[in-house]
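Presented below are the structures under discussion, each in the form of structure tokens.
Shared chain: chain A. Partners: chain B in the first complex, chain C in the second.
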Partner chain A sequence: MNSYSANSTASMLSSSTDTFEVQRSTKAGMITLIISIVLLGLSISMPFWAGSSYLRLFTELACYMAMAQMWNLLGGYGGLVSIGQQAFIGIGGYSLFVWANFVGVDPFTSVALGGIIAALFAVPISQLVFRLPGGAFAIGTWAIAEVLRLVVANTYVLGGGSGASLTALRGIDRATRESVTFWIAVAAAFGSVLLVYMLLRSRFGLALTAIRDSEVASRSQGIDVKKIKFLVYVISSFGFGIAGALYFLANIRISPDAAFGISWSPLIIFMVIIGGAGTIEGPLIGAILFFVLSKIFEDYGTWYLASLGLLAVIVTIWFPKGLWGLVVDHFDLRLFPVQRRLRMPENK
Partner chain B sequence: MTYWIDAVLQGVLVGGLYALFALGLSLMFGVMRLVNVAHGDMVILMAFIGYITTQTLGLDPFSAMVVVVPIAFVIGYALQRGVLNKTISKDPLRSLVVTFGISIFIQNLLLEYFSADSRAIYSGGIEAQSIQLTDGLAAGLLPVIILATAVILTFLLQWLFGATRIGRAFRATSDDHDAAALMGVNNAHVYAIATAIAIGILGVAGIYHGMRTTFTPTDGPVQLIYAFEAVIIGGMGSFWGTLAGGMLLGIAQSIGARWDPGWGVLVGHVMFVAVLMFKPNGFFPKTR
Partner chain C sequence: MGTVLSLKKVSKSYGALKVTDDIDFILKDGETLGILGPNGAGKTTLFNLISGDVRADNGSIFYCGEDITRVSPQNRCRQGIGRTYQIPHPFSGMTVFENLLVGATYGGNMSEDQADPICIDVLKKTGLIKKANLLSGSLTLLDRKRLELARALATQPKVLLLDEIAGGLTEHEAKELVDLIGDIKAEGVSMIWIEHVVHALLSVADRLLVINFGSKLADGDPDKVMNDPEVKRVYMGIEV
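And now, the complex of A and B:
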């Protein structure tokens, strides 16, 4: 039986190579591309026709989208479950304030610098937390975020425990500030999706998904697991740095508790898990869902959060693929085709 | 000089409490590689249950433990059997997210029922008594009792792990849970017993915590970090190591606080980072 099937496969492979093909794009993917371009155009034009309260709301949403996407890259694809990515939100945020307020760099350019500084910090931090196995890694990253929070809170020039204001924005009129901030937010939201999409379609992404499926098997195929994980960590931290800087650019004020606080982590992680970890669509859905829910249930603070905690438990145990997983199971829909699928011809 | 000896002494005493927080974390990680993110919130939950017990039944805190520890034990068993067993796999994502969800759930439920006010468990004056060691060197009676409890529990856990039937099951399932199952070990039950013991210890730790200081519903995460740091500093897989790790963390914090009140906790963290840097397996790792 075994030899028979092996033979038949071999003969099929040798007889003709054009009997199967590797499919890398889907019809839904093409439609997604068109819709994305339309949405991008619409978003870019928004400052010309939408009110400033809408710009603020969408800036906030864009931050969540970018963070969720970056956490998913790390935890969903990379298997590096961190509950301390707020370390890089804080580093990005504070480096924005340092560059803009102290060095005098244009605040909008400083957002990009926030990402770079966060990535630079990620290099030594990864060397520490990567020494911790599995679940311990998660708490380790959190402890590091706590260290940073306390260091900043004890640093007088950074405003100490009460924080600082982005004084560099003085002299920039409000309309310009809001529009440019919004455009950066649009770039961050679309950019994060595009980045993850491109990464996953590349050789790097192939290695990453291989590691997710089996670390041992991918090591045997010559994949440098440590290097890939390190790169994922640094790229994700870069994204978190940008998103953090952007968030506090829109907020104008920063404090150690707001920047390095643990409250970021449940928010972002639950977004990814409930939307669907290990997919590009999941974090997007999760971020939008959370954003809408948080605006509706704003007044029910503790009950709302308690329900979120419970929902995360229920989804993880009974619907581990999240909301997007339910959609895929029913409709075989893939908006962002990142997998390579083998298609056999329909002959006998 | 006495000033710094006193700092070390007080640090060791605080370390007893950290060790009580950390023992359960160490046990759960040792047996099933599970990191309970809600561990700190369970300390606070137990403190609140202890608070209610002393208030409504009029018990003193030590008698309250007789009530709270069995409750904690049952909560632990049910939690593992009903929820956490479904999350155990090589990928830590599921168990981390689930325990994180439980952590947020407990915090907000406590906030809803008890508000953000800080509370304390009245310990009948014991918190004010102290033992005079030498001139200018005294140890509080309550911290000494806590440390003694930590030492006894560490000893009991080590004995349980090394010399009993359930301990053998713990070690077997930790080494290879499939092989253990083949030998007739009921992994689901063994895991649940481990968690029940871990949370049961928190029944004691939570009440001690409530007697020593005031507590609020959002104090959990900090306790988790201290417990975790104690486990890492001490070295995973050894309960005596965890006890020592708690003490070392306590000493670092206490010395840091004498140096500058704002830096106490931070110096403790710095010690943790230094251990990760130079002794990533901790000071007393399990030797096989």
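And now, the complex of A and C:
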């Protein structure tokens, strides 16, 4: 469909009998859908045939996938480069502990509450950080995460600096805990992709993509850029809250440093940049790549982290659109059909 | 003819530099107003003030009888003020068709289903229909300029601001755009057009406004304005 000749004439007033159709699905998209359903089925059945070490590994990967997808929504599309989303990982994680340990809500339900609490926190936090321009916004988000870390570390009931254990899990047998945690992870991984996909296919998605490409032009095309960014921030924080709660549900223990630590941000941003920001496929690839690399090389300590940094530098210099950008440039392949294409009458 | 847009004593300064100095003018319904002026005269700032990209320090801007001086750019667009930029700002990762969809759905305030036929219509008119599925970042300069215009048209404006839409184009390309602008005018859209390609401007404009150092130098019938000795000295002396 991309093979039209480059010459055209001005005011080419075609006859009104021509019928154009707007296409919102592609063959690759159908294949993705089928593969996704198969993968989803396989994933859901995993607790019945896979060992618990695999379940734990995939739960971790699912957290990364959801976080990368949510950071991409925020930074890749919304242009909001935050280095403080660990604030919402921490809020989600700690609210899981509060709801489950203190209030007595079922720990699995508390994961969803973690997302909601994170979204609620995002409303006032956004009012603070949105006043900061460019780089100051990034630093501001980090500062807020640090403030939260210090507040929690100094709150005795939350376990202070040494953290707390998820005692609410005591009455639940190990197999149930591991399976349900894993299923929540599957829901988070697939759900985050589905959420971004649905958003991008809606009218909201047009605005998001437009803002990604040019904020000035977006405004002059009638888009309320501030409102869209606010919504993106809240949605992304909700996702981070869920992912954070899930991560610490799987870990059973939480501490302020683990929950609100700055080390989250570079890893998540690494995944998005390596895979390709501003696409759905990029963060997925980035999360899987990071996960695989970390499992193979994490014993190498400093050298491992230095190599990740080097890889990120190489990709940003030579492949600024990320690994997925390479695929798109060479094969014009899109697994998630979020484009609107016009089908020309003569093609029928 | 009623007045669709009016500026009353509008001023804008950047530090000590007064880029717009107590400007007054009106745009009538269906009229095409051409704006001329040397580089740095404050023409684009004037557009930024009208579109809302820049806030006026003093004075008021009225659109359809309503004071819009403090209205946000996105709301001005929704109310019917469309603009193009001198340097095209395409949504480069979106297709040409999607670029128009943005304008129609947000600027025109409608659902995508309602927007589809409008965008197709604008694409046909602007000669971009065959390029509808190309990424806008891959377009040539002429097509980017066309896209600027098409996207603004998709918002279904009552007033259209064209900022040097013919600049940087070949004579033949400029002619194509001028024909297109003539068609838009015939549909009753009011326009303000900033242009250095004077003969292009004169072929469409009903009235000319000449700006120098942020204030009005001349305003009126194109022939009279072009023969004004002061305009000849300030503008023609430099450009022609």
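Throughout what follows, the second predicted complex is superposed on the first by the 320 of 348 C-alpha atoms of A that agree within 3 Å, B and C clash if a C-alpha of one lies under 4 Å from a C-alpha of the other, contacts with A are read in each partner's own complex, and residues count from 1 in each chain.
Throughout what follows, a residue touches a chain if its C-beta (ideal position, glycine included) is under 8 Å from a C-beta of that chain, and two chains touch if they have at least 3 such contacts.
Nothing here was measured: the structure is a model prediction, and the numbers come from that model.
Once the two complexes are laid over each other on the shared chain, residue contacts for A:339 go to chain C alone; chain B is not touched. Of the two partner chains, chain C is the only one that A:210 touches; chain B does not reach it. In the superposition on chain A, contact of A:303 is made with chain B only, not with chain C. Of the two partner chains placed by superposition, A:172 touches none, neither chain B nor chain C.
By the touch criterion stated above, A:79 is placed in contact with chain B alone, chain C being left untouched. Of the two partner chains placed around the shared chain by superposition, chain C is the only one that A:22 touches, whereas chain B remains out of contact.
In the overlay built on the shared chain, the residue A:313 is in contact with chain B alone; chain C does not reach it.
By the touch criterion stated above, chain B contacts chain A in their complex at residues 29, 33-35, 37, 83, 86-87, 91-98, 100-109, 111-112, 221, 224-225, 228-229, 232, 236, 262-263, 265-266, 269-270, 272-273, 276-277, 280. Listing the residues of chain C that touch chain A in their complex gives 51-53, 72-75, 77-78, 82-83, 85, 89-95, 97-98, 101-103, 105-109, 111-112, 116, 120, 123-134, 140, 151, 155, 176-177, 179-180, 183. Residue ranges on chain A touching chain C, taken from their complex, read 1-2, 4-6, 8-14, 20, 22, 203, 206-207, 209-210, 212-214, 216-225, 278, 339-342, 344. Across the complex, chain A meets chain B through its residues 75-76, 79, 81, 83, 128-129, 131-140, 142-144, 146-147, 150-151, 153-154, 262, 265-266, 269-270, 273, 277, 301-303, 305-306, 308-313, 316-317, 320.
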